[in-house]
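Below are two complexes that have subunit A in common, paired first with subunit B and then with subunit C.
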Partner chain A sequence: MDNHHNCWHCGTPDAGSIFCRYCNSLQAPVPNYFEFFGMPLKLSVDLARLQKQFYSLSGLLHPDRYTRRSEQEKRYSLEASSILNDAYRVLRDPIQRAEYVLKEAGFDIGEQRSKDVPPELLEEVFELNMALDELRMGDDEVLPQLDESRKKFLDILVEMDAGLEQQFQKHDAQEGDEARRAVLAEIRLTLNRRRYIKNLVNEVDKLLTARNA
Partner chain B sequence: MAYSDKVLDHYNNPRNVGNLDKKDPNVGTGLVGAPECGDVMKLQIKVNPETGVIEDAKFKTFGCGSAIASSSLATEMLKGKTVDEALQIKNTLIVNELSLPPVKIHCSVLAEDAIKAAITDYKAKSATPATAQTA
Partner chain C sequence: MSTFQIDFSNINKKRIVGIDLGTTNSLVAFMDLTGPQVIPGADGSMLVPSIVSLADDETFVVGDAARQLLIDRSDRTVYSVKRLMGRGAADVEEETKLFPFRIAEGSEQVIRLALGGRQFTPPEISAQVLRELKQRAEAYLGEEVTQAVITVPAYFNDAQRQATKDAGRIAGLEVLRLVNEPTAASLAYGLDKRNDGVVAVYDLGGGTFDISILRLHEGIFEVLATNGDTHLGGDDIDNRLLAIALEDIASEWGEDLSHSGEAVQTIRRAVIEAKERLSFQPVTAIDADFKGRKYQREITRELFEQIIKDIVDRTLGPCRQAMRDAGLEPEAIDEVVMVGGSTRIPLVRSAVSTLFRAKPHTELNPDEVVALGAAVQAAILSGDVQDKLLLDVTPLSLGIETMGGVVSKLIHRNSTIPASATEVFTTSVDGQQNVLIHVLQGERELVKDCRSLARFDLKGIDPMPAGMARIEVRFLIDANGILSVSARDLRSGTEQSVEVKPSYGLTDEQVEAMIVESYEKAEEDFAARQVREARVEADTILSAVDKARASEAWLDLTDEERAAVDLALNELQMVYHGEDHNLIRNRIENLDGATRKLAENMMNTAVRAALKGTKI
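Here is the complex of A and B:
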C-alpha cells in the first residue's frame, strides 16, 4: 500500500488516497484497483458495497466537477475516472477479478500446458467435438447427444464456480504471501479449466444458433 | 497469417485420419488438449508386439491448421519406427519440417505430447496381461 505520499499541492504528508486530507485537492490516482476502491486485497468482494462505492466515487471524481480547478486536478480526474470504470468492471466480475489478482501477483495467466485439462474431461471434450463435426456434416441424429453434452458441461461450469468461490475464501483466509500464492496457483488451474469448458459451450451454442437461424 | 505449403498440404490432405480399436491390446491411445486454443488431439498407434514396431498410426484432431498438420505429420513419422525410436521424436522436428512460426509451436508440442501419451498407454496395456484386463 502506497498511500503514504505527500500532497502534490500543499505538501501534507500521508495525504490520503483520493483527496488530500488537509487541502482537499485531488491526488494522483493509485493504479491498483483494490486500493483505488479502498478495499482490502480479497478475492471475495461485497458487491453491494462495491456498487455503492462506485457510484459515490463516480460523482466525486467526475471531470465536470473539475472544469474550474487546476490543470493538474483536471488531469487527475480524467485519469481517476478512467481507472474507476476499469476497476469496477473487473472487480464486480469474479472471473475477471481473480485474473486481475493473479496478474498483479505475477502469474502469467496466458501460459498453459496440456496437462491442465484432466484426462476424464478430455474424453468428453473429444466426444463433443466429434458430435459437432457430424452435425456440421449434416447428421441431425447427434442433436440429442449434443444437447446432453452441453447440459453436462454447463453443470460442470456451475460446479467450478462453486469451487472457485470456496477457493476465494480459502485465499482470503491465508496468512502470509506464500500461502496466498499457493492458493492462487490452484485458482489459476481452475480458471484455465473453466475457460476451456466455456469455449466449448460457446462453440456448441454458436453452431446451434446458426442452425436455427 | 500465412501457413507454409507443407502445413497447407497436410491440412488439405491429412494423412491417417481415423480410428483404431481402443480395446485392442496392441493399440495405444493418446488424447491431449491445449486449453488455450481448445485444440484436442487424439493419436493412436498399433504396435507389433513381436518386433515393437509401430505398424499403423491414426489421428483425429480438432483445432487449427497447424495442429492438424502437426498430428498428421506425427502419424507419418511414427509408422515403421519402434516404440523406443518414436519416443525420441521431438516437437522441434515437427517445427522444422512444417516451418511453424513461433506462435504455432505449441501445436507441435501438443503432437509430441500425444505421441508420448499413446506410447505410455500402449506400454501400460502391454504390461498388463490381457486376461487381467477383463477381470
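Here is the complex of A and C:
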C-alpha cells in the first residue's frame, strides 16, 4: 500500500496515514494490520499497548464520529473501523496473529496440512480414536480413559503454546527476510500440529456433550 | 445518575431524537443541558402503547387511543407487531394463533396483516407508532424532527434490523443509527463515570430478551458478548395466565372464548393488571368483566412464580453463554443493570442476583432507560457528547452456504462491528458468467438450521474456463449490524455487480413505494392536525368573548365597536367547521383585533375592582 498518497480532499502530497496533515480529512485506511496499529511486524505483541491503541483509534475512526461529515469520510470511517476491529481481533490472539503473518508472507495455511498425525503422538492418537469408537458404540467403561487422554492432550497444547511463544521471540530476533522465513516455516509446522490436537480435543468434547445431553 | 459533558456550541443544528420502539410501549427522548429526557405527550404520559388501529375512515389511531379499540375493534387493531418484524408467515405460525388479527396470503417473505379491506406489513404498522412519536417530539420541541436513533433488541438479526430501518424511512425519519437496547441502557446509567469495570445488562421486555456483557473503560462502552431470545418476554407470561383464565372460563361457564377477539383482549387486560399487582403485593385477583358476566380468580405470588418459573429460567442459559463467550466468571461482573418492564417481577430480580452474585441496579425506570440511552447515543452522533463511545458486536455469526448444505462461517458472533470478511470465489463450469452466494446467519453448522439472510448474484463475469475467474467478495457488517456486500474482479480489478435478493423483508422499491404513499397520507394528517389546532384556538377566544359580552365592560363600548366585535365573531363562526386552517386563523386574528378595546376595558374594571378590594 502506498503510504505517500495525495489527500483525496485537498490534494496535499504525503497526506499522512489517518488524517490529512493539511486539511485534517480522514484518508483511505491502510489494509495491513500491523501498519494500521502503527506497530512493527513482530509476532510478540504487547497486549496492553494493543488494547490502548485500539481504544484510541476507535475514538478517532468510529462511524459515530462521522455522522455530520462528508459521504466520502463516512465511507472511509466505515472501512477503517472494520479493518481496525478485524485487526484487533486477529492481533490480540497469538494463533490468529501467527496465521495472519504466515498468510501475508505467502505461506499456505490451509486445513489440509493438519490432517497428518504428528509422528511422536501416533500411539496416543491411535488409543484415543479407539476409545472414541467404543464410546460411540455405547461402551461407557472407556470414559475414565477418555478423560485422561483429553487431559494429556490439553497439557500438550499448553506445552505447545509455550513453545510457540519462544518461536515468536526467535522470529522477532532474526535479521533479514530469509532468516525470518525459516522460522515462519517452523511456526507453520507447530500450528498444524496444534490444530490437529485441537480438533481431536474438540471431537472428544462434542461427543461428551452429546452424550450428557 | 451521572452528569454529562455536553458541548452545546453548535446547538442550532438539527436535533436527533432517541426512540425506543418497544413491543408493548414506545418512547421518544432527547438530550438537553441536564441530560437525557423522555418527551411527554400532551396528556403528560411518557409511554405510547405500541398499538395501531385502522379506523373506519381509513386513518390510523395510535397509542392510548387505540388501546380501547383492542377490545372494541380487535380485528382492525394490531399490537406487539415488533414480534413480526423481519419475519415470514412460517416463523410466527405458533404465536399468531393468539393474535386476533389475520395474516394475509402471500406472507412467506414479508408478513401482510389484513386490516379492514387492506393489507399492511409490520414496518408500515411500526411506522405509524414512529410517526406518533415524531409528532410528539415536534410538538414538544417546537421544531421539525427528521433524524433519529432507534433501539432494537441486541439479538435482532439482519432482517429484523432492516425492517426497523424501513419503518423509520416510511415514517419520514432518517435512522442515523440502530442501537442495541441493553447497550443503550448502559449509556443511560452512565456507569462509566463511577469507575472502569464489567457490567451485565439484563433486558427482559414485552417480547424480547437480551443479555449483554460490557467492559467500561474511560468512556468507551465495549460490548464483550451478547445473547438472547427474540421471542421471550412479558407477553409469554401474559399468554400463560391468559390460557389458565380461558380454561377456567371454559369449565365454569361452559363456553370457549378463545376465538372471540373481544373476550381474549378483555381477559388479557385483566391478567396483565393482576401480573403487575403481584410485583408489589403477595396476593391479588384476576378480575374480568365480559358482557355482564364476571370472572374472578385469586392468585398468590407463590403460584404465579410456579407458573412462570420456566420462562424466567429460559433467560439464564443465554446469560451463561454470554459469560462464556466473554471469557468471564460471574465474579468478574461488577454491576448488573435491569431493563424492561418484566424486570419488576421479584422472581426475575432474585434469579438475576443469584446468577451474577450482584445486586441489580433498578434506580432508573426500566420502561424509560432504553429511550434515555438512545437520546445519549443521539447526542454522541450529533457531536454534543464527545467523551463516550459505544463499541457493539454482532449477535449472530455470518456465513455462506458451501458444498453439501454446510455453512462456512466468515464473521463470528460477538465480533465488534463494523466487521468485515473477504472471500475469493471462482466458477465451476466453463464459460460460467454468474455465481450465486447464499448468506446465512446463525450458529449451527447446516444451512437448514440457520437463518437465510439473502442470496447475492455476482453477475457479468467474463466467460473463461472453470476455476479461472477470481472474484473477491467483501462482506461488511456496519455499525447498525446490517450486512452489505461488494465484489471485485481480481483479474481486471473492476467492481463487480452484485444483485441482492433478501430472503425476508421488503425490497428497496417496496419501501420507496410505501414512503410515497405514507408521505401523501402524512400531508393529509398534517393538514388535519392544523385544522384541529386552529379550532382549539378558536374555542378559546370564542368562549372568552362570550364571557366578555356578559360583563360590564361590554356596555362601555361604542355601538360601532360592539358591531365590529359581533361581525368578527360571526365571521369566525362561519368558517369554524371548514377545513381551511389558514382561514380559521385569519378570522381569529380579526376577532382578536376587534376585541382589543373590550379586553382593555375588562382589564381596567378588574384593576379598579382590585384597588377597591372588592371582588368582581
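The definition used in the following text is that the second predicted complex is superposed on the first by the 204 of 213 C-alpha atoms of A that agree within 3 Å, B and C clash if a C-alpha of one lies under 4 Å from a C-alpha of the other, contacts with A are read in each partner's own complex, and residues count from 1 in each chain.
In this section, a contact is a pair of C-beta atoms (placed from the backbone, for glycine too) under 8 Å apart; a residue touches a chain by one contact, two chains touch by 3 or more.
Computed from a predicted structure; not experimentally measured.
K.L.:
In the overlay, answer first, second, both or neither for which of subunit B and subunit C A:67 touches.
P.N.:
The answer is second: A:67 touches subunit C but not subunit B.
K.L.:
After superposition on the shared chain, which partner residues are touched by A:58: those of subunit B (first), subunit C (second), both, or neither?
P.N.:
In the superposition, A:58 contacts subunit C only.
K.L.:
Which of the two partners, first being subunit B and second being subunit C, lies in contact with A:122: first, second, both, or neither?
P.N.:
First partner only, subunit B.
K.L.:
Please indicate which partner A:195 is in contact with in the superposed arrangement: first for subunit B, second for subunit C, both, or neither.
P.N.:
A:195 contacts subunit B only, not subunit C.
K.L.:
One more residue to check, A:142. First (subunit B), second (subunit C), both or neither?
P.N.:
neither
K.L.:
Of the partners subunit B and subunit C, which touch A:88 in the superposed model: first, second, both, neither?
P.N.:
A:88 contacts subunit C only, not subunit B.
K.L.:
Which partner chains sit in contact with A:26 here, subunit B, subunit C, both or neither? Use first/second/both/neither.
P.N.:
neither
K.L.:
So subunit A touches subunit B in one structure and subunit C in the other; where do those two contact lists coincide?
P.N.:
Touching subunit B in the first complex and subunit C in the second, no residue of subunit A appears in both lists.
K.L.:
In the complex formed with subunit C, which residues of subunit A make contact?
P.N.:
Touching subunit C: residues 55, 58-59, 62-65, 67-68, 78, 81-83, 85-86, 88-89 of subunit A.
K.L.:
Any idea which subunit C residues touch subunit A in the complex?
P.N.:
Subunit C residues touching subunit A: 13, 176-177, 217-218, 220, 222, 377, 380-383, 389-391, 415-421, 476-479.
K.L.:
For subunit B, which residues count as touching subunit A in their complex?
P.N.:
Residue list for subunit B touching subunit A: 31-36, 38, 40, 42, 60, 62, 109-110, 113.
K.L.:
For subunit A, which residues are in contact with subunit B within the complex?
P.N.:
110, 112, 114, 116-117, 119, 122-123, 125-126, 129-130, 133, 192-193, 195-196, 199-200, 203
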